[in-house]
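As structure tokens, here come the structures.
Two complexes follow with chain A in common, the first pairing it with chain B and the second with chain C.
Up next is the complex of A and B:
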């Protein structure tokens, strides 16, 4: 009984795995085909295989620039989100006043407001102050993402005894030193979770950047639509571009795998 | 040299309609080991935190070395504190934990090194300096917390129930270590505990508190043998003192529930002088002042009760007899050789010359 159920689970997992990996198979194989090859057979392996798509796609997309844009927006954005929301959560959690409770409620309830309801007035207002660029975008991200981040942080901070702060205070540390030397390092697990959630959100975001960014600051997801015109779709180049765009994520994952799994599971049980 | 004085200190938390600490007055001499003891919620930790500066003082003056400290920032009070949960920084090594305060104060590196090493030496932590607190046992963590206080060379040590997270054996061991440490450093220490045994064993002086008020200040001997009221008498000592609501008539106290013993001449005179003849009062007698030996029964023939043992605990040198005479329950602590099984009928002598008498209404002592 036990053996058969294990077998069934293994089989289902295997099939699910196949299903998951299938799109990647499509992207990867077809990115090496000529346009003709793609239309001849989508599922078959590339013959003849050609790397030209990658070279052409790389050039056409101005890949390094869009990669740079994506990196700047994601790294600067996530770092600022982490720093600001951890500090805000610390202040809100440690300050037991009605006002801080109210502010926290405001942040939490802000999570319920759909992005689409604010996006038009937001971009209009940002346009008025000439901030429709990547710095304006980062600024918006800090606003949009800090609700969830503050919420996650304040739960963890609540579990850190106040005596930690008091001990540091008696030893002569000021508020900032207490936060950055004592509290923030203790938040590493949740920082990982917050970091990953935000990296995913910012790296993959399409809608907001499409409203805000000028063409020369396009991120990778925006740039991917370069090959999809109204009347033509250059699948061979688009797929090569997609494969390229996945690459940084895979490299990131390979390096950060240990922390991602830890961060995600930590977040799950806390 | 630091004398600390607390003058008419009050604490009221915002939103509360009563004071948590009421009219707290205390002078602490230089180098003294003072223990605040009392049940939870009695205000002892609050008082300690006011001395540390972690809580504002609502009313009254806190002075150290003659200087008013009410508004001085905690970091400028030259105080080191050991917390109940140790408050060690988990991401830092033992060395860094102990050095943190010194680094913040920008002490030269060589001095830090020396101070931490010296403290580690005293506390037997030298080989653990590079470990993180997570890799230490409870007792070692406790030592690190003490070490962090020692390196600071503070004028006052505050210890907030530092031993309550340790197991019983370790607690006894650390108790001695802290006492030795105090002798070695000769700094003022204020130690908060709810454990009267810790208070008795470590203190130069004990401050016993209840419901925000100081009940009594004195040496362990004072508090044990000359309690000023029923609360102190009942709190100090384990097992606790036996109390009986009784009536004094004709030189005898009786409670109408089976207990009736004669009060010895000298004690009786005090009671009569204070006008307690034919009045209700509370009689307190410690378990060790109830005897079962033949000699005692003969010597105190007019204070012997017929008791039935209900539960008996054998403790090696002593045994505790939870007994009943009529409807009156009490505990007797007798020599282990006088062990009696539950259900046995035993004659017991109350050594009334050592009894304590309290007023029924005010519960203040009439005669010790």
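Up next is the complex of A and C:
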């Protein structure tokens, strides 16, 4: 009895798993077909298989440039968010004044404000000072993402005894040294979580960059949207483009899977 | 760090300045502009509540609000049912359960814009070939299309939240109940379910606020069509601003949106606190 129920559970899960990856199968197999091949049968394996779609969409997407833009924005943005949020969380946690508490409240309440509420004045202001570009975008990400990041850092910093800071200072370290040499290295597990959550958010973001970036700084999602507008109904090219745009995410997931699942869990549960 | 205000401000200033320039100043400006005839650059007159009155007379906005509410109700229920079911399945011991977790979670890492395009292909080309033609050409199939994309994207996310809580249930409790002769169903309702109640609160909040704010898949899957019939709140606001260039009215809509989303978030926090006290 017990053995059969276990088998049933395994079987049901396995079938659901197949259902879940079926969209990926459809995109991948059809991306190697000619337009005629897709029309003839969407479910079959490609015969004959062609790599032309990839060559053509790689060029049409200007894939290397949009990949580069996505990488620069995500890497620089996430590093700055991590460093500045950890610093702020440390100062706010170690200082028990009213001002400190008030600032923390500001950060937490900012999480309640939806993006659409600030979007129009924000882009108008940044446009006025000619900052509608990737550097302006990175600055905006620091503003939008620091609340959650500081919130996550707070809890962990609270668990580090103040005596750690004091002994470092007795040995002549100043505040910056104490933070970067003693405290920050102890935060590595939560830094991984903060990093993962921000990588996912920045890499996939569409609406904000679409309002901020000039065309030569388009990220992958923006380029993909532009590409779809140009090649409507040319599914053979569109599917190869989609497969290309998913590839970096799959590679990242393959290498950092454990950290990603832990990070996403922490981010939701804490 | 009490008497070291210099280092305190040095540490806090970078994020605080960014927060002020990116969130609070634009939000305050937005509140002000929503009472004017702002055109994105300048304003000439104060309008009082006129923009807000037109928001509630705007059939498109009300339709988007209703569509969004229906979407949120359906997805909150289905995401929690599917997410919990998946979590219960993959926390059983069998070969490949970890691989399946990976599979169920994977769509969550792909951005909503790309997901919408993937499913546009499936709903139009694949469904057509299988004899289910006409998907995304009317409001009903557009609605269920958006629901399916959201379920595919978010179920794995809700699953890992439930898994985190399921793993905290001590096995002795379940074993003791088993020895006492409790059926699997009784064990689920009387032990597992009450112990994962906090997971329900967390995922309820996430699915609610994500549902209200949904934009990317809406844009790439249906673009609000046909004839704006599948336009959700976020898209209605963006289109009022950047397609109709009616910035003051868009800002008024965005503030109504803020009040709706904020009220839900606060209710959620209140409810969570209350229950924590009750326990």
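Methods note: the second predicted complex is superposed on the first by the 246 of 270 C-alpha atoms of A that agree within 3 Å, B and C clash if a C-alpha of one lies under 4 Å from a C-alpha of the other, contacts with A are read in each partner's own complex, and residues count from 1 in each chain.
Quick note on the criterion: a residue touches a chain if its C-beta (ideal position, glycine included) is under 8 Å from a C-beta of that chain, and two chains touch if they have at least 3 such contacts.
If you're wondering where the values come from, they're calculated on a predicted model, not measured in any experiment.
Annotation: superposed three-chain arrangement on chain A; chain B versus chain C shows no clash, the two fitting side by side. The partner that reaches more residues of chain A, of the two candidates chain B and chain C, is C.
Once the two complexes are overlaid on the shared chain, A:171 sits against chain B while remaining clear of chain C. Of the two partner chains, chain C is the only one touched by A:26; chain B is not.
Contact with chain C, but none with chain B, is seen for A:238 once the two complexes are overlaid on the shared chain.
In the overlay built on the shared chain, the residue A:179 is in contact with chain C alone; chain B does not reach it.
By the document's definition of touching, of the two partners only chain C reaches A:204; chain B does not. By the touch criterion stated above, A:163 is placed in contact with chain B alone, chain C being left untouched. Across the superposed structures, the minimum distance from chain B to chain C, using CA atoms, reads 10 Å. Of all the residues in chain A, the ones that touch chain B in their complex are 161, 163-164, 166-173, 177, 181-182, 185-186, 188.
Looking at the complex, you find that chain A touches chain C at residues 6, 9-10, 12-14, 16-17, 20-21, 23, 26-27, 30, 38, 41-43, 84-85, 87-88, 90-92, 94-97, 100, 103, 106-107, 110, 112-122, 124-125, 139-140, 142-144, 146-147, 150, 174-176, 179, 200, 203-207, 211, 221, 224-225, 228, 235, 238-239, 242, 245-246, 249-250, 252-253, 257, 260-261, 264-265, 268-269. Within the complex formed with chain A, the chain B residues making contact are 52-54, 74-75, 79-81, 83-85, 87, 89-91, 100-101, 104-105, 148, 152. Considering their complex, residues 1-2, 4, 7-8, 10-12, 14-16, 18-27, 29-30, 33, 40-41, 86, 89-90, 92-97, 99-114, 117-119, 121-122, 125-126, 129, 152, 156-157, 160-161, 163-165, 202-203, 206, 213, 215-216, 219-220, 234, 237-238, 241-242, 247, 250-251, 254-255, 257-258, 261-262, 265-266 of chain C touch chain A.
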